[in-house]
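Can you read through this structure? Questions will come right after.
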């Protein structure tokens, strides 16, 4: 991982940012009662450039945050139905809910970091297809930036100067899959793509459902989303984007076979991307491609041994291992992330940092927690 | 699942079997100190046609079995260096160890059910390639039967009449993968095969290693065997066999991409086979193929919803779900087993039952344990 | 564990039982959709003297049992609102529900084995005190037998001859605690009693609640029932009974400090009973007391090393370890059971066997499942 | 929790400390290959006043820390046999090993924070009794301070002015137990004390042993240390100290019945202290006692609902719940900590901060990680 980005490249914009006086940015979280919301609070409450001014939760009224999230008691924060004025708002809401609230927020000149899917997809037709709702504001879709800094850093930085600042922060499975495959997409190597992912149960959120009870999840594994998990839309969009950036044609990028599996674990995603390349390749070429993609990235590490999700728990790190199997001629890329950090709240803060001209790693320097 | 096989078809052989008098077959387990060995004891001690006459463990001398396996105390059995004369011997030994002991056992006219890999592969050259040892008795390899009743039932039954009776009982990953893919192999549909498997840690045995400590395995997932897990040899052998039986050509059957993953679970394997078919197919065709393959099988059930490993824990059941994805044109087959039962001890007993003319389900009728 | 009871001691009664013809007893389960209900099905479906004629579930109508309990598919049974006529009915219902249904069942001459608390307590006043409902049929309470065979075997056997046959099967925590303490109660040793229990989450049943979600239970432990868990009523009742049987005065028996803890585990209870004895004692005395109590018991084993719940998972076994601490002068007794078997369904079947003149171990001979 | 301590109370001493220039203290960790060592690195590498100058590991030579602790890769630190000169050294070594190394370190004027037991006990006779070795330097024992800031804060601060600065950092079980019981000891309420603790497996360290394998620990619970866990020595010493400070006589403080239990969890301890008080008390008195003890403590929170270990995972927090049971007349105190943070590395850093005149919470402000 690099020591960070060259801050001098960043232009100043209209969005308020931390000044020489050390004044903190005012930030609110809407949807703070879920797991992603809690994780935003955990990170933002210790962010050196942020003042957390409000936590929104439906039907809450001056309720101490620890009544919902006991581990956050030390923040001494409260949940409320409404949040006060802020420089930036993070949304952690079910799909379809953000699109109703975002217009008013951006009209007030406030940055929006949306952790849901409402602003991730460029093609409005993808919403009825994958999420079964018509997008009410396709005009805003075009202005939103897909919040994966490793692919869209310059666009995120450029948002600072725009009147409408919306980040559509990626899905957890999409993050793991795209980071694994983008270097191959750029090289035009994606011939046939199977991604088999294993995820902890926190990815399903805090909603109470029979299938997420301890007695059902423990000592068991099952696949879900068979026939088309929604994150496929993002994965295919971004792999096409990555390929287009270099003019590469990747037939497999628009037909990804993605299968998630629920395993008895709370946090973490391991995505294994099995790729039939479009042409012969080698371990050396893979090493070069992944090094070129990630050597300067603050949160992505290319590792030479198979990574485990436990290596990144609680941190914003992604670790990636790429190998070529000369017996079968296939490429295997394994990526691991903490689904609630790099796959959700941490990545959202990373994008926020970029949009507001902060150090990209601000608030995200905590080391993983193991064992 | 069918009610069982037609017993009347079975010819009588030279191997001793349970007579009208209800006399029990004398059975011994060599390598009873490991997890597979314990599971053999658990099943055989309650088998209605078996008398468990000896448990072998290196360096043990009249040691109560509960000193190693506390849960087996009620059997009141003992571990010893040597086991007494028996009608059949189960071996649960590391690779390379069985081939040294089997010749003497078969010379004495005793049936051998070997749970290790020493008698699974037909081509002697596969041993130095996959297991790094030269097989000392290639002549016996040709006489051994691969103990997957769903593919080799008639051969197992026919062993009864042979002087040399060796069953090479399949590996746990191989069992899950082959059951998932054999119906497609027979139909010549295996164009490009990726199998991504998730396994509980008991598959690694009772050996004490840092990577299997609770603190390392819990709340984590990692892939292993990257570049070529040994069970690939069996999987490719048996898929080729299945295809050859119908004259089907399956280019993918000799180039299986198999990736196992260790998840925080003790028992169970879920194998997800992602197949690019050689020709267009449909859900209807898949339904027909899997029904034809398994409707009459006592231990394999084709299920219409995604199965979880917990559905089969502690039992000899395999559950299989096959689906066609019209978006990508791929086939997905998911199979679940208990790695220690259908993936090891239970399957070995199933083969033993066939070789000795017993009901195939004898001793294996226990229902799964859930939650 | 002994080989079983002397069957010849058992008198014949009016309750129908398995005859020389091998005719099976007709049995139904009401409340088969919960975990205890599923466990009853798992055991009774393989019970050699039972025909499982009906599974009752509120609002169910010819619904295959596997829609609720996938692991039970092989039974090919169905759930229905009503169950057919039977020789015995097992009830696995919330407290207060059984008392409404039992009168009609016993009026029809059918044996009732109730796994809930409605027929466990002798004093009707205990129901409003501990369960917050008035017991509508105190007359039946007096006729019910507390279904812990180790304390009430003769009463259970004697039920066979009675027109009203109701077994109030013990609570899971009560089973573990009473088995640990009864030998001390008989000896008048219970001076001051603290029981600290650790339980898997299946004890809370299949009900979907936020606090039993995987994300909340995994990697955590918490106490519950602080200030008075309901099983204390049973524990104190039975310890008083045990003491009274020998004329022993146990001041601690009516003031048990019982604290259960929820740990990240599905099955199992470990109860640690910390006892300040009423008089000086010794390890030798403890050994004698526990040997006297349990040597002839088919399902209770006194062990010399600290037992783990995994030693009994899936079986009807209880294991007990008693030690005297000369430094503090206290007694420690540890007991482990599978909360769903010896703590619920298995014990209920054990009582059923006694009431119907069957071998006490019938249907309960399955060995524990480990690892 | 209070907002922190009044820093102005702290006198300056001879130990080098962070000056106005912001110069960092040089710190080394000896025994960095274990779990406690890794946790020290995780915390100290992000400590604002610390430069981590060396990690010691037996037989290591310029070995990247991630070869042993993959999650710490981002620190870019190395393991070596020897560590360079430092202002303070943390030792995380097996018992008996620190006493051999500490004399040379303190002779060089370096602060020692020992996470092992070698400097915890005041009475040299306790070492042969509880740890089976003769303490070679009883003179140093008298100069060491027991590093539980909640009981010994002033002594820790006073160490700054001493030439010999040794902190004997408490054991994990001792921390949980003493924090739960000290307020009662001060009030002379400890009549009869039973502590039943539940711990995650990381407390046993990174050593590879059969009993800590995933297959053995998962889905199981067992007690250990029956007859006298070593932490009893610390617990009794400190409860006597707490009582003596107020002149309170606590008969129970010198006869604590302590039982630890291993549960299927990696991190966390929950201690349940069951106390028979020496005199009648009430919930109000308990509330007052615990508020008086902990209201101003930065890392101890008194909570009104039963706490779970998950509420403090990854943080230096302790949470304590005290309740009076009017039915039995007993007191129950439950405390939860992360055994590797407040129970080991975090608490050691807390003491280090005090000894070196830093803010007590420096480097320890990370919020717990949940779910």
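For reference, chains read A, B, C and D in written order, and residue numbers begin at 1 within each chain.
Convention: a contact is a pair of C-beta atoms (placed from the backbone, for glycine too) under 8 Å apart; a residue touches a chain by one contact, two chains touch by 3 or more.
Quick caveat, the model's predicted, so the values are computed rather than measured.
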Co-neighbours of chain D and chain B - touch as defined: A, C
Result of counting contacting C-beta pairs for A-D and A-B, higher pair: A-B
For chain A paired with chain B, centre-to-centre distance based on mean C-alpha positions, whole Å: 41
Whole-Å gap separating chain A and chain C, where each centre is the average of the chain's CA atoms: 49
Chain centre separation (chain A, chain D; CA means) in Å: 37
Contacts with 2+ other chains: residues of chain D: 35, 202, 206, 215-216, 218-219, 264-267, 307-308, 310, 313, 371
Chain A contact footprint on chain D (complex, rising order): 1, 35, 38, 42, 45-46, 69-75, 202, 206, 218-219, 266-267, 301, 307-308, 310-315, 317, 365-371
Touch list for chain B against partner chain D, complex: 35, 201-202, 206, 208-210, 212-219, 264-266
In the complex with chain D, residue positions of chain C that touch it: 192, 194, 196, 198, 200, 215-216, 218-224, 226-228, 255-257, 259, 261, 263-268, 270, 272, 274, 276, 306-310, 313, 321, 323, 325, 327-330, 332, 334, 336, 371
